[in-house]
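Okay, structure first, notes after.
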Amino acid sequence: MNRRGALAFWLFVGPFAAGLLLFTYVPIGWSAYLSFFDAHNTVTPTEFVGLDNYTDMLTDRAFLDSIGTFSAFAALIVPTTVVLSLLLALLVNQVRVARAFVRSVFFLPFACSYVVASLVWKMSLFSGVDTGVVNTVFGWFGGEPQAWVGTVDPPLYWVVLVTVRLWLQLGFYMVLFLAALQRIPDHLYEAAWTDGASPGWQTFRHVTLPGLRGALVAVLVLNLINAYQAFDEFYNILGDARGYPPFARPPLVYLYYTSLGSGGQDLGRGSAGALVLALLIALVTLLSGRVLRRSSS
Amino acid sequence: MNPPVGHNRTTVSRVLVRLVLAVAAALFLLPFAVMLRQGLAEDWSTVGELFTDDEVPFARSLLNSVIVSVPQTLGQLVVCSLAGYGLARVPYRHASKVLYAVVATLMVPTAVTFVPSFVVVSSLGWLSDLRGLIVPGLFSALSVFLFRQYFLDFPLALEEAGRLDGLSRWGVFWRVVVPNSTGFIAAIAVIDFIGSWNQLLWPLIIAQDSSTWTVQVALSSLLTAQNPKITLLFAGAAVSILPVLLVFVLLQRHLVRGVTETGLKG
Amino acid sequence: MGIETSRRSFLAVAGLLGLAACGSNTGREGSAAGTLRHCYHAYGEDGVQDAVRRYAAAYPGAEVEVQWNPGDYDSKIVTALQNSAVPDVFEAQVKVDWVRQKQVVPVGDLLGDTRGDFVAALLESQTVDGQLYGIPQSIDTQVLFYRPSLLQAAGVTPPRTVDELLDAVKRLNTGGVRGLFAGNDGGVGVLTPPLLWAAGLDFLSPDGSAPGFDDPRAATVFGKFRELQTGGGLLLGAPADWSDPGAFVDGRVAMQWTGLWNLPKITAALGDDVGVLPFPKLDDSGAVSVPVGAYSAMVNARSADVEAAKAYVRWLWVERTDHQTEFATAFGAHVPARKSLSDEAESLRSGPAKDIVGFVVDSGRIASPSRWSARANTALSDAVSRIAREGADAATELRAAVEVARGEISRTGR
C-alpha cells in the first residue's frame, strides 16, 4: 500500500520534480561550485581559488554600485507604483459606465513586452531630437529639447526608466487592488456611515485601507522582487552595441555582462555574484513580508 | 456588486473622476498610437519590407516565438497541474518535504540563476537550440504552488464520485478534475503565454544563432544595433504584439482571474 | 466539457510537445552535413551583407552559411565560444582569454609567403605568445570630420591640440548646430583611446607588463574630457550613434568623430565641404592619433571540422584578393589590410581619403590590444564615464582602474 502510494505520488509529481532538479537544483549547485574556481571562459574549471571570487565581488565597486542602483530604482518605482495603481483602482471602481473598457485600457500594457515598450520610449517618446514626443510638448512651453536617455547630470534617464515600467505594470497592480476592493463587504461601509464616518477620506482610512492590507503586502513584495530582477528595459534603453555605461546598471545587467556578455566571461565571479544576490533577495523578501505583515496586523 | 463609496458623490466630483480617468486612459493609449503611427504610417508596405529584410530574420523569429511559447505554455500546464494535484491530494510520507523543496526555490528568482542554468543547458548541447528555450521553462515552481492551492479547495465529493465509477487516481484527474477546472487552467495559461512570448533575458543568452532568435531577441538586437532602422523597428514591434493583444482581448476575463490568483496567492 | 474532449486535448498537448522536441529546427538539421557557419557583425554600409553571402556561395570547398548579427555582437561571440561548435568561422579581435582557454586555433600557417604583405602592426595585434589567431580583413579607422565652411564662419581653425578642440566645440555651437558629435554616450566609448594617446599614454606599457595610464597626465587629459562634456557644444541623443554619419550630413553638428567607412556618404552629401583631422594631442609630450583596428577572421576550436574552416579562411582572406579589395573599398571606405592591395586602391588616392591613409601610416595606433582584457576595459571605460559624465574625481577613479588592469595583466600573463 505504502509503495503504491509512493508510486502514485511520483507518477504525478515525478516529471516536475525531475525538471526542478535538473534546471534549478543542479544549476544552483554547479554555480556554487564555479564560484570557488577561476572560471574564465569555462564551465569546467580546474583552478581552485577559495573565497577569492566572493571577496572580489563584495569589494567590487561596480557590483556594489549595481546594488545601489537597484535601491535607487526600488525607492523610485515601488512607492509610485503602489500609490498610482491604488489610485487608478479606486477611480475605476467608482465609474459604472464602461468600467470594463476603462479597466482594459489600463491593463492593456501588461500584454506588451519590455522590449517593445523600451523601443517606444527610447526612439519616440523620449527621443533626444527635437521631434521626440516629450521634447515636442516641452517645445510648446518654450523648453529646450533634452537628451533624455543620454543626460547623466542631472540623471534624466531615470525619468525614462521609471515611466516605462509604470506604464507596463500599473494595470497589473490595479487589477489586484480592484479584486481586493470588491472583496470588502458592503456592510462594513454601511456600519461606518452609521457610526458617522464621512464617505470620503474617513471611510477610506477606516474601511477601505484596512480591507486592502493583504493586497498592499502582495503589491509591495511583488514590486520589490520585480525591481530586483530588472533587466529588460535597462538593457534595451541604456545598452548599445558597445556595451553598457557604469551608471543605472542594476545587478542582473552587471552579472550578465560579467559572466556572459562582453564584460569578461568570468563565470566564477558571475556565479559568486549571483549567489550573493539570491541570498539578498531571499532576505529582503522574507524581511519585507514579515515587517509588512506585522505592521498591518 | 458596486461598493457604495460613490453613493453620496456630488455631480462635480463624479465629473472630475471621469475627467482624470479619460486623461489617464489617453496617456496609456499614447504609446500604442505612437507605435502604429511610426511603424505603419505610410501603408502596410513596411510590414512587407519587414518580412523580406535580410538584416534580421523577422519572419523566422516570429515563427520561433510561436514554436517556443505554445508548447511551453501547454507543457507547463500539464507538468505543473499534475505536480500540483499530486502535492495536494496524493498521500505520501515525504510529500511535505517535497513541497518544501518546491517552495524554497520560489525564494531564488529564476532570473538570478541564469548563469548556472546557462551552464546546464550548454552542457546538454542546447545552446542555439529551441529545446534550450522551451524545456527549462516547463518547470515553474510558482505554477505548481498555485495549482496545489487550487486543488486543495477542489470539491472532494466530485472526485469520490469518480472513484465510485471505477476510475483510478490518474483517471479521476483527467476525467473529473481537469474538465471541472478549465477556468483556472485558462487563467494560468494566459499568464504563462504572455510571459513566455515576452521574455528576453533567457532567449538572449541561449539563442546565439540568429536562426533561433525569438521575436523579442530580434527586436532587441535591432534596437541596440549601431544604426537602428527606426521605421522597420516600429513595424516589427506592432506585428510582435498582435498575438498577445489577441489573447488579451479574447481571454481577458481569465487573464484578470490569473493575475488575481498569481498576485494574491503567490 | 466532456471527458472525451479533455482526453483529446491532452493527446494534442502531448503531440505538440513531441513535435517540438523532435522538430525543433536549430538551423543545424536544415543544412547539409559539413556546412560551415560564418558569423559577421552587422556592417552599417549597404551591400556588405550581399557581398559576403556572395563570397560564401562562391567557395568551392564546402557549403558556407553566413550569419549576420545586429546588436551586441561581441557578447554573442564570447558566449558562443563558451560551449558551442557554431560558428565555425567568425570575425573578431583576438582576446587573450580565448587563447588561454583554447577556444580559437592558430591560423598563422595559412599566410604562407603573403605574411610580409599584411600590415605588421595589425598582425601583431592579433598575436598572442607568438601565434597568430586572426587574419585581418580590412583596416577600420576613425577620424575627426569637420565642415570647413562652418569653421570659417565661426573664425575657428582646425584644432591641433585638445584645448583648441574644446574651444572650437564651444564656438561652433551656434544657431541650432552643435559643435561635435562623438556618440550618444558623449564619446566615452570612442574617444577614450585617442585621449590616452593624446597624453602620450596607452592601455598597456610598451612591454605589456603594466597598465599604460598609471600617470598623473591621465587625470589631466580626462579632466579636459570632462570640460568637453560640460561645455555645452556636444550633441547627445541623436537617433543613430557615432558610427553613422547621420548627425553630420543632416547638419546637426559642425564636427563628428566617425569612421572612414562613412566617407562616401559624407562626400556625397556635403561635396567639397569636408575636412578630416586626426585626434589632436594634449601637448608636445603626446601625439595626434587615429585608432586602427581590424576585424580578423578567426576559427572556433570547437568547430566540427577545424581544417575545413581553416581552408575556407585561407581561400577567402588570403587567396581571393579580388574579394578582399571589394570588401574593403566597394561599400563605404576601408583600407585593405595588405600593402599590395591598398597601393592599388583607386578610391584612396585623392581627397580626404588620401589624407586619412596618411594619418593611418603616420599616426595609426592599435585600439584593441589582445592582452588588454575585457574586464580591464570595462574598468577603464567605467572610470572615464564617471569622470567625464558624472564629474567624479579623476585621480581616484583612474587609480581604481589601474588596480583592476594590473590584476588582469598578472592573471592573463600566467
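Letters A, B and C name the chains as they come in the text, with residue numbers starting at 1 for each one.
In this section, a contact is a pair of C-beta atoms (placed from the backbone, for glycine too) under 8 Å apart; a residue touches a chain by one contact, two chains touch by 3 or more.
Note that this is a predicted model, so its numbers are computed, not measured.
Are the chains arranged, by touching, as a line, ring, star, complete graph, or other?
Its topology is that of a complete graph.
Select, from all pairs of chains, the pair with the highest number of C-beta pairs in contact.
A-B
Identify the chain whose mean C-alpha position lies nearest to the mean of all protein C-alpha atoms shown.
Answer by centroid distance: A.
Taking the mean of the CA coordinates per chain, how far is subunit A from subunit B in Å?
A distance of 16 Å separates the two centres.
Distance between subunit B and subunit C based on Cα centroids, please, to the nearest Å.
38
Mind checking the centre-to-centre distance between subunit A and subunit C? Centres are C-alpha means, answer in whole Å.
The mean C-alpha positions of subunit A and subunit C differ by 34 Å.
Two or more other chains in contact with one residue: find those residues in subunit A.
43, 123, 239-241, 260
If you look at subunit B, which of its residues touch at least two other chains?
122-123, 205, 220, 223-226, 228, 230 - these are the residues of subunit B that touch more than one other chain.
Name the residues of subunit C that each touch 2 or more other chains.
71-72, 79, 82-83, 239, 241, 243
Which positions of subunit C touch subunit A when the two form their complex?
41, 71-75, 78-79, 81-83, 97-98, 100-101, 103, 184-186, 188-189, 236-239, 241, 243, 373-375, 378-379, 381-382, 385-386, 389-391, 400, 411
Give every residue of subunit B touching subunit C within the complex, in rising order.
Contacts found on subunit B: 54-56, 67, 70-71, 74-75, 77-78, 122-123, 127-131, 134, 174-175, 178-179, 182, 205, 208-212, 220-228, 230.
Flag every residue of subunit A that touches subunit C in the complex, lowest number first.
Residue positions touching the partner: 38, 40-43, 61-62, 123, 127-129, 145-153, 239-243, 245-247, 257-258, 260-266.
If we count contacts the way the header does, which residues on subunit C are in touch with subunit B in the complex?
1-3, 5-7, 10, 13-14, 16-17, 19-21, 24-28, 30, 37, 42, 44, 49-50, 67-72, 76, 79-80, 82-84, 86, 239-241, 243-244, 246
With touch defined as at the start, can you tell me which subunit B residues reach subunit A in the complex?
Within the complex, subunit B touches subunit A at residues 1-9, 14, 17-18, 20-21, 24-25, 28-32, 34-35, 38, 79-80, 82-83, 85-87, 90-93, 95, 98, 101-102, 105, 107-120, 122-123, 135-136, 138-139, 141, 144, 169-170, 173, 194, 197-198, 200-201, 205, 216, 219-220, 223-226, 228, 230, 233-234, 237, 240-241, 244-245, 247-248, 252, 255-256, 259-260, 263-264, 266.
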